[in-house]
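Both complexes below contain subunit A, partnered by subunit B and then by subunit C.
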Partner chain A sequence: MTIATTTELICFLVLSAVVVFGALGVVLLSNIVYSAFLLGGVFTAVAGLYLLLNASFVAAAQILVYVGAINVLILFAIMLVNKREDLKAIANLGVRRAVSGGVCLGLFALLVRVVVTTPWNLPGPPAVGEEATARIGEHLFTDYLLPFELASVLLLMAMIGAIVLARRDVLAKDVVTGETADQALIEKARTPLLLERRSS
Partner chain B sequence: MVSPGLDLELSFSQALQGLGLSPEAARLLWLPLPMLLVLVAAVVGVLVSVWLERKISAAVQQRIGPQYAGALGILQPLADGLKLLVKEDIIPARADSILFTLGPILVVIPVIVSWLIIPFGQNLLISNVGVGIFLWIAFSSIQPIGLLMSGYASNNKYSLLGGLRAAAQSISYEIPLALAVLAIVMMSNSLSTVDIVNQQTGAGILSWNIWRQPVGFLIFWICALAECERLPFDLPEAEEELVAGYQTEYAGMKFALFYLAGYINLVLSAVLVSVLYLGGWGFPIPVEWLAGWLGQPIDAPVVQVITGSVGIVMTVLKAYLLVFVAILLRWTTPRVRIDQLLDLGWKFLLPLSLVNLLVTAALKLAFPVAFGG
Partner chain C sequence: MTDLLSGFPSLQAFLFLAAMLFCIGVWGLINSRNAVRVLMSIELMLNAVNINLMSFSSYVDGDLIRGQVFTVFVITVAAAEAAVGLAILLSLYRNRVTVDMEQFNLLRW
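This part shows the complex of A and B:
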């Protein structure tokens, strides 16, 4: 065994351990903030696995999109919605946990069966390495053009939806109470305090 | 046009193989050397910037600045570092001690790893990865997580607000930053930093990207200042509002890590501006021409060593000119408000960078000679 393959094996084992135990931590820990930070660790370890597979562009994209955008968004949501309310104790917690554990184990067994029974084509096609960036771009603009455009339309829809929800002045009535919303309160002009005082 | 230049790794591994080592073992021995060198260079770069900051701020405010520690106070940053090193490391009683410790580490590691892609010459970089500049953008997106982590773990409202502000700021300015880089990448047809510099070496100072991307240069510089949390964009630690933002509860070495990360990031951004827009290691007059006028062959070992040194000096010189501008800006401009900051990022820089990208694409199609066809 050469030095390179040994290093690769060690890296693979460490990254897999981080992914598996990190994912278990995300699900099992009761503190939601820890779960969110661990999720970031899992995403980073997955990026490491891509790097081991010689897909550096995909690894960097994984870090940029999943760690830098999605995970930060999750953290923001957790930290901005900081309502401390005591949740009611759930009845039959043990039974619920057993059922969900059973479902998860069943899914795991199915996945293991797929992994074992599929005739994997080993070794696969050679890695393209540095060429991958150009290759991905070509695919996105030729045979995967429609899915690419559809995804962008989907994102546009989500963005417009978010803007409509955030700008309350579009809605004349309060969604929760059904009362007519006070427009002046919602759309308060953004003037500096000092200027306001001087004019009055 | 592109000369092979110095290849220290090749020479090193040939020397070791001459001693009877296998190529793999030689590579294993080589690997830690550039990493160590870059780490040392980054830390020394920070010490120099701290000294410059103290001296220039003193000059701006008509003071003298440090002068007793060494000649011209040049040892003052070392004394600062030593003080922080031996200071008591306090973890607040109600803070989350694991996240509190992990936060500063997560902030500093991506910044140091980003030095991986900084080229000082054709072969004078740790690793010429194909995704180069994209890797830096990806790594700098990890930082907000560390900031949020330390803000949350401090169990202090100022820290949490500072952390949220820092993360929001760094996310908002990452998008125009990435779009400005994308325009450069489009022109050089490569993400690799070495290729980006090589594309600017044609005619010395005239072929630098700043002439072709003046708007992109300004966008990148503003966004880099915002990412480094320098004035006028230092809202995450606005003293009058937030004490010191996410750093409020930190002391000793953990605080020093934030400090270090800030200054390494500043130097790194300055180096990247010089790589992307100011021709990287290129001398204003191409060294190939100079060698030709002096009648020296460009491949001769002595000339190679000289061009390599000129490359390093040019990179550092350009970077420190930009650091000087950043320091002057810090001590002469007032801080913007949070709504002005977000307005500038989302309503001005983002559309402007999109237009810049579009115009670059159009120019590339219209004049493939000048804009990298």
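This part shows the complex of A and C:
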């Protein structure tokens, strides 16, 4: 083993330990704020794995989009809905967790079997290495041009949809007739609509 | 085993890691009571898929790296999904004043 391989191996082991234990913390910790910060750690470690795979552009995109945008968005959501609530106890919660854990372990065993038994076509063609960013640009503007443009439309739709879903409408007047809106109805719309159903 | 360790980290090591991450994400998706944690589990699963795509692109498809392009698209869709999901969560919280997944049974028969 050369020094380079050993360094790569140590980096891989450390990063995968961070990924696995961070993900377990995200799922298992009771405090959701800790989970959100651990999720940022997991995303960063995955970006490190991409760097190990010689993909600097995707690693940078991972840091920018996941750690910079999605994680911050999740933290904002936690702050907006931050309420300590005592969850109602569920019957057979332990059984439910054990059964779903068994199902997940079975899925893992299945995936491991596929990974081990598939005859991978290795080693593949020589990796492009540092040219990866230029190759991605070529792909995006030649054979993946349509998905690229569709992705921009999708992002626009998602942005408008998120704004429409999250805003709270207060109309001064009726859109159709032009009359001033019934303020009592607006006040009613501000109260939670489905509370009475929950209490029943 | 020597086959696995030669040229480690190999493709298989990355695939094992991705499978583990995916299974943890599935477990969290099923068992979380908090709706925000469900969204986090979905992000974990998407990251597992991304690791798979990246390792395939590096080990099997080294000259065309189509997997990296797909990863970029998956990251884009994940960003859109997170934005819409959290907006839905906010409006749900406004109407129900809870984030407990067991209370969101409006569409149940």
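Criterion: the second predicted complex is superposed on the first by the 165 of 200 C-alpha atoms of A that agree within 3 Å, B and C clash if a C-alpha of one lies under 4 Å from a C-alpha of the other, contacts with A are read in each partner's own complex, and residues count from 1 in each chain.
We adopt the following convention: a residue touches a chain if its C-beta (ideal position, glycine included) is under 8 Å from a C-beta of that chain, and two chains touch if they have at least 3 such contacts.
Just so it is clear, the structure is predicted and the values come from calculations on it, not from any experiment.
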Partner chain in contact with A:A69 - subunit B first, subunit C second, else both or neither: both
First, second, both or neither for A:G40, with subunit B first and subunit C second: first
First (subunit B), second (subunit C), both or neither touched by A:A4: first
Contacts of A:P126 with subunit B and subunit C, given as first, second, both or neither: second
Touching partner for A:M79 - first (subunit B), second (subunit C), both, neither: first
Touching partner for A:A61 - first (subunit B), second (subunit C), both, neither: both
Residue contacts on subunit A - larger count, subunit B or subunit C: C
Contacts on subunit A seen with subunit B and repeated with subunit C across the two complexes: 57, 61, 69, 76, 80
List of subunit B residues in touch with subunit A within their complex: 24-25, 28, 99, 129-131, 134-135, 137-139, 141-142, 144-145, 148-149, 152, 160, 164, 167-168, 171, 174, 191, 339
Of all residues in subunit A, those that touch subunit C in their complex: 5, 8-9, 12, 16, 19-20, 23-24, 26-27, 32, 35-36, 39, 42-43, 46, 49-50, 52-55, 57-58, 61-62, 65-66, 69-70, 73-74, 76-78, 80-81, 83, 85, 87-88, 90, 96-97, 100-101, 103-105, 107-108, 111-112, 115-116, 120-128, 132, 135-136, 139-140, 144, 147, 151, 154-155, 157-159, 161-163, 165-166, 168, 192-195, 198
Subunit C - residues contacting subunit A, complex: 7-9, 11-17, 19-28, 30-34, 36-37, 39-41, 43-44, 47, 50-51, 54-55, 57-66, 68-69, 71-73, 75-84, 86-91, 93-100, 102-103, 106
Subunit B partner contacts - residues on subunit A that touch it in the complex: 2-4, 33, 37, 40, 44, 56-57, 60-61, 63-64, 67-69, 71-72, 75-76, 79-80, 129-130, 133, 190
